[in-house]
Structures are given as structure tokens and as C-alpha cells.
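Structures are listed in the sections that come next.
Look for chain A in each of the two complexes below; its partner is chain B in the first and chain C in the second.
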Partner chain A sequence: MQLSRKEILEKLQDIMISINDNDRERIEACTEQTRLVEDLGLTSVGMLYLVIVLEESFRIKFEDVGAATFSTVAKVIDYIEEKIK
Partner chain B sequence: MKKRKNKKSYFFYDFVKITAAIPGLLWFRPKRIYASEAAKQRIRGGALLIANHSSNIDPIILMFGIYYRRHHFIATKELFDTRFKRFWFENFHCIEIDRENFGMGSFRSIIDMLKADKLISMFPEGHVTNNEEVQKFKSGMVLMAVSSGKPIVPVYIKVRKRFWQRQYVIIGEPINPTAMLQKMPTLSDMDRVAELLREKEKELKEIADSIGLKKRKKPIVKNDANKKSSIHKESQQDEIRDKTPV
Partner chain C sequence: MKFETRHLFEKYTDKETFDNIKEYATLVEMLESSVRRYGDDPAITDATGAYSYRDLDRDVAAFRGALKARGILPGARVGIIGANSYQLVKAFLGVTTYGCTAVVLPMQLDDKTVFGCSMKFAMNALVYHDAFEEKIAFARSTNKNLVCLSWSEAGDAVPAAEVTGETPCVIMFTGGTTGKSKGALLTHRAILQGTVNGCYGYKDVFGQRYMLALPLSHIFGLVRNMLTPLYTGSHVFICKTPKDLFSDIAVFKPTVLVLVPALAEMALNLSRKFNRNMLGADMKYIICGAAAVAPYLIEEYAKIGITVFPGYGLTESANLVSGNPEQGAKPESVGIPYPHQEFKIVDGELWLKGLNMMEGYVGEAEENANAYEDGWFKTGDLVRLDEDGFLYIVGRSKDIIVLSNGENVSPAEVETYFNALPTVQDSQVYEDVLENGVHILAVEVVPRITELARMGVTNVAEYLENQLKEVNTTLPSHMKITKFIVRDSDFERTPSMKIVRYKKCN
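And now, the complex of A and B:
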């Protein structure tokens, strides 16, 4: 599966909206520089849930990552890009 | 050659549990109360046991409450800070988590244990509250239950006002969040289930509070009557004192 960064970001946005529909506007407006905790208000549980859904959607396995592993959206995209190579 | 299994033994756990059983039973005199008929059934298979956390001895009381199962407590990494504490918590099969950075490694080991029909015990308030009020529950337990498909059993530990009082443990009926939620629930759905579980915990607290009231009802009336009669006597004496010439 070869996806561009833009495609990964779009897919990531769709997933984040599906698990957190209250913040639809903020998620739709997010860029690679958006911070997950400070800007999107993602909690540690939210981060775990996001990782579980990302694993299913991209068919990859995350290592022992936690809420502090990914500070920005760009770091999540980097990780996924590395895994799906 | 036979492959050695990398499985931790329950010998220490069972040894301490058996040796501490008699002194513990004498000290706490634990009494289980079930919230309903459905709650009376024994917890079998994988389940998440949740309870209020008003003191540091709550894990011991939970072990007396659900005595027939081995508990695997979720504990913060701060509790593992010395070699002595680490020895105890590891031999008691506690699961170490980092509250600030709850990682996938810990989460996966909890899910694996639940799927292997183990009992995971936790305190969803997240810290020792030092009071009787049930505080806000964190929604991590709901995510664990949904990911493993196992039920959550709410338990309320009644706070003992005096050390000689009996220790009451109120057991609620199992709740299955998987049946309540859609296939891919949102985070707000999980928060709602966490709030519902908190409401259930409050109901258990009401049951616990009513136990004390039933027992104390008569003496309170008696005391009031004594108090009233003593007040009446005092006022009568005052009247007599006023009437008597100086």
C-alpha cells in the first residue's frame, strides 16, 4: 500500500472524526503541525483508541507507543509512512 | 528438550492470601452484600472489577470481597519505585502503567489477560480519594472492556468509620459495554458509559449507607428521647430555681 502524506493525513482526519465527532471542525482544519494534545484535546485514552483504529485501518502494528509519543500530526504520519513502506 | 514456559507463578500470591486470610477475616469481618439477584452470580471468566478508592487498603478488601478469584490490579509505576515494593507488586501480578503516558504495551497486556479469562481489578477514579464520595471515572476501563468484549463489575467498598466496624462490600451486577455501544463507538460514547458506571457505583453507595442507618435507627430515637427528657428536666429545674426566693 503506497500512500502519499496528503492521503495519510486525509485518512487520519476521517478516523479522528469517526472517533471524536465533537471536534469535527478542529480536526477538519488540522495540518501536519497541529498538536494532538494541546490543539485537538486528545486524552491518553483517546490516543490509545486512535492507535487501535489506525492499526485496523492501515493494517500495521504500533510498538509500545503512548500519549506522549506523538506530539504532532506530522509525527503520526511519519510513523505510519515508515510502517507501510 | 522440553521448552520452559515463561509464565509467572502464583505461588507467592496464593501463599500470602492463605496465610493472611484468618487475621484478615478477624480484623475486617468482611460482609458481602449483593445489589440484586443478578449480582449474586459468581464472576466467571475474564472481567473488569471496578471499585471506589478511598484508602490504601482497598485492594485487600476487594480480595476479601471477591475471594474466589485471583485479582490482577492495575497499579501506577510510582508504586514500583523501590525494590521491596516492586517485589510485592510483581509477585501479586499487578500490571504497571504510566498514568501520564499510558502505552500500548500495558494496554495490550491487559487485553490479553482479559481474553485469557483473568480478573482485572482497578480503581477508575485514578487515585486515593480519602472520602466517601464517588468521583469522576476515567473512561480507560470502557475502552478495555470494549476491546476485549468482557463485562465490568462495579463494587463499592464502604468506608469504615471505626476500626472495629464490619467491612461491607457491595457487589453490583455485571455490565457489558460492548452490548451497549455500536461497533466503533466515539470517545463521548465511552465517557457516557463511564458516567453510567459512576451512577451505578453511587447506587451501590446508597445501599451501603442504608445498612448503617437501619442499624442505628433505634439508638438515635432513644438518644433523642433521652436528650429531650434531659432538656425538659433542666428547664423544669430552671423554673423551680427562678420561683424560689433568694
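And now, the complex of A and C:
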């Protein structure tokens, strides 16, 4: 699967909106520099949800992850890029 | 007030099942009974394979042999650290049926804390998962009296010890009702009462398939997600990591899940997202606890034929105090107190006595003096009781912060890290809500101006904030602070000079 960083970001935004629809505006405005915990309020369970949906959506397998694994959106995109190479 | 409520639970299952719910005094009796009744049935499956009740019994006896071979005697205190697995269950049952007291350590503890626990709880031995060698290295080299053994060691089979209901069984970690981490000592009888309590209030009790995703170092995981299943001849599938929960469910097809509410809610959201029931067609019950369960979760699950059982329990009560029954449940309540649970409500606070209650916190004379009155354990939880005997939690104990994932954060414990800075006079950690509705942990500190002046610091707020952030990097992930505030005045104080704690979230 060949996807640009922008396409991965859009998929990520879709997933995060499905976690917390109340925060749609903030998520739609997010950039690669946006921080997952501080800016988007992702909890450990939110991170788990994100990983499960990413695995299903991108057909990839994550190593074991916790809330502290990815600090920013860019870090998640890096990880996915590496996995789908 | 003592409620003999066993008869109240009779109507929720058939007579044969109800009569099969027998009360044992010790894990030895329970395990013997399960092996006798369910011998070749599967007991536990994990990444290493499937094990029957007979396999478990054999391996537990061999592990008692390993303990004996290493010179450990019944009555000793034995720490156990490692990831959820068949080996952890085997080690726990081996230690406790050998007449030793198990200290089940949370796997995320660092090496210094493992050492600290070995001293605090006067451990004679420490059983570890081979992958945790680094975590126990400091304790092994520093505490010369500690016998360290891998949980894969085995010896010649040794029969179970002659334990009684009063024999100490396990020390479990808890934030308690007042703050700092401590160990609650539970006897075999208390653990068995907690185990049996998990059998009341629903139809299909025996021979179920359970999924284990909760840590066994948490009382809810150990008692409700492992011991009750083993008592009922059920089959437990141990998830390697929580992220594999749903792919494991698809393969194992469990009938019962034990979850914290945040995970139950996530499962619901995932089912909606993928437009399929992520919990599988065989799922009947979700036992939900460790944090308040939103009534809407119960209603949503009912629509897909799954019953969610909100209940109430504490580490100090070997998990279960009360639970909702399958029919006639009241979603806003935490259910009916289980048989033998003695309780009374004093100024709105729930006080407990009974077979399931702990002996006390280990080595905490002051904590124990504060926790009890006339032999009653004061839960710190505010409750009310309705005319049908259902309990409702009105407010949580005043200090503990219960995060949405069920983890307890003790503000006092986090504050000790910040208070260790010479530049901090006092601090307060609390739960706050950001503008976007997100719940976070925040800290406010009062600077120690004299020290800062001595150091020649001019921009106090900036300097201190950087120091706080540095401390924050050393905190365990569930204690991490998101918001830092440096005050220019002291906190509001009570007459006894205690800080008046914030209540920004309920």
C-alpha cells in the first residue's frame, strides 16, 4: 500500500473523530506537530482504540503500545510509514 | 446491619446451579474440588498452550516442590512479578497452597521499587518471570536474605500445606481510601469469599469461557477474572496484550468478559465503527467494575443481548461487596450486598465487616488506626441504600482520583515526587477538565521562596515549572501531569493545616 503522509494523516483524523466526535474541529485542524495527549486528550484507552483501528485499517501489526509510545501525530505517521513500506 | 442475602440470589439461576455454589475456606480446598470435578477440562490457555485442571494441579505441585527445594518454608512471604500468563497463575497457586503469602507485584514497578517492596513486606523470596530479570536484579544484589527464583523452576511434587481460612493468603496493592500505596493482607477465607461472591446473581455460572485482559496484580483481575473462573470449572484465555483483546475474542469466543468501563465503552465504539459485534456472538455477560459504570453502557449492551453487571468492591474486601443481578438490575446502583457482607452506613459513609475483609494494611499502624472504627472498615465511599436493598455510590472517597480507565491515582503519592524538590514548599495534584472536555491530572505548587532567593532565581514561575516538568518525566505513565501551575500564595488550609483539596471533577 503506497500512501502519502497527507493521506495517512487524513485516515488518522477519521479514526480520531470516531473516538471523540465532540472534538471534530480540533482534530480536523491538527497537524503533524499536534501532541496526542496534551492537545487531543488521548487517554491510554484512546491510544489502544487508535492502535486497534489502525491495525485493522492498514492491515499492519503494532508492537505492544502504551499511551506514552507516540508523543505527536508525526510519530504515529512515521510508524505507519515504516510498517507499510 | 448484616444482610443474609444468599436467598435473594437464589431466584437468578436454576436450583442445581445454585446448590453447586459452595463455600470453601481455602484455595487448597477450592483447587482440589475443581480438579476433582473438572480434571481434564481446559482451565487456562495462553500464548504457550492450553492447560487442563489436572495439568494445573500437577504444575502447581511441582512449583511447591521448587519452593521447598530452595529452602522456602510455609509461612514465608513470597513476591511474584511478571506478565499475565499461565505461569503467573501457577506460581500464585503454588505459593499460596504451600502456605506462603503471595505478594503480587504490579509488573510496571521499576527495580528500585521492587527492592523497596521486598524490604517493606519482609519478603523471604521473590518469584519472577525470566523476562523480568532486570527488574529484580537490584533486589537480588541488595537484599541478601531474598531467595530469587524463576517461575519456570520445578521440583518433585509436594502436597498442599494444611492451611486454614485464617492463613494469610495474599498481599495486594491498593491506594486505599487515604492515598499512598500500601499492601492489603487477605486471608484464604477472604479470598474465597470474594471468589464465591462472583457466582451470585446470574444464570450461567459454571463452565464458562472467560477472557483475561485485566492485570492479575489488581484484585478485580485476580479474584473475578481468574479465581472465580477456576472455581466454576471455566476456561480462561489470557490475552498477551490488551490490544490483542478483540482478535483473541474472535478466536476464543468467550462467554464472559471482565472489564473496566472505559474498555467496555471502547468495545462498543469499535463494534459501531466496524459494523460488527467485536465481542463475538457467544458473549453473554460483561462484569464491569473498578470505576463507575455509565447506565447508558448497560442499555446499549442490552440492545445486542449482552448483560453488563455493575458492581462495587475494594481491594480491602477481596473485590466484591455488592453486585447487580441479571434480572431486575438497577443500572444506577452497584447492586445488592453479597451474602455474609456486614455493613452499616455512618454519616453517609459505607462501613464494612465480614468474611471477605482484609486483616489490615501491612506495616501501616497509623493507616490501620485511621481505617477502622470498632472493628468496622471505613470505606471512605458515600452511599445510600434503597428500599429494595440496592446500594448507590453517591461520592467517591475524597482523595483518590479514579481515571476513566479504572486506574486509581493517589494524589498524595504523586505529590511526594514534587515535594521532594527543595524549591517546592507544598503541592496539590488534582483532576481537571480542559476546555475540550478532556480529563487530565494537574499540579499546583507553592514555591519555597527562601530557597529560590538563596539560589538567586529571578523568574520563579519559569524556573519552577521547568523543574516540575523534569520530575514529571520520571513518573509512571498513569501519574503523568499535563498542567503545571506555580502559585504565588499558599493553599487554603483546614483548621488542622491540611490543604483543602480541590474538587474540579466528580
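Heads up, the rule we're going with is that the second predicted complex is superposed on the first by the 85 of 85 C-alpha atoms of A that agree within 3 Å, B and C clash if a C-alpha of one lies under 4 Å from a C-alpha of the other, contacts with A are read in each partner's own complex, and residues count from 1 in each chain.
Here, a contact is a pair of C-beta atoms (placed from the backbone, for glycine too) under 8 Å apart; a residue touches a chain by one contact, two chains touch by 3 or more.
This structure is a prediction, so every number in the text was calculated from the model and none was measured.
Participant: Determine, under the contact definition given at the top, whether A:S18 touches first (chain B), second (chain C), both, or neither.
Facilitator: Both: A:S18 reaches chain B and chain C.
Participant: A:Y49 contacts which: chain B (first), chain C (second), both, neither?
Facilitator: both
Participant: Please work out whether A:S4 is in contact with chain B alone, chain C alone, both, or neither, and reply first, second, both or neither.
Facilitator: Touch status of A:S4: no partner.
Participant: Once chain A of both complexes is superposed, is A:Q33 in touch with chain B (first), chain C (second), both, or neither?
Facilitator: neither
Participant: Shared contact residues on chain A, chain B side and chain C side combined as an intersection?
Facilitator: Residues common to the chain A contacts of chain C and of chain B are 18-19, 22, 43-45, 48-49, 51-53, 62, 64-68, listed in rising order.
Participant: Can you tell me which positions in chain A touch chain B when the two form their complex?
Facilitator: Against chain B, chain A makes touches at 18-22, 43-49, 51-53, 62-69.
Participant: For a test of understanding, state which residues of chain A touch chain C in their complex under the given definition.
Facilitator: 18-19, 22-23, 26, 37-38, 40-41, 43-45, 48-49, 51-53, 55-56, 62, 64-68
Participant: Help me check something: in the complex, which residues belonging to chain B touch chain A?
Facilitator: Spelled out, the residues of chain B in touch with chain A are 98-105, 107, 138-140, 143, 147, 184, 186-188, 190.
Participant: Would you pull the chain C residues touching chain A in the complex into a rising list?
Facilitator: Result: residues 241-243, 246, 262-263, 265-266, 269-270, 273-274, 403-405, 407, 434, 436-440, 477-478, 480, 482 of chain C touch chain A.
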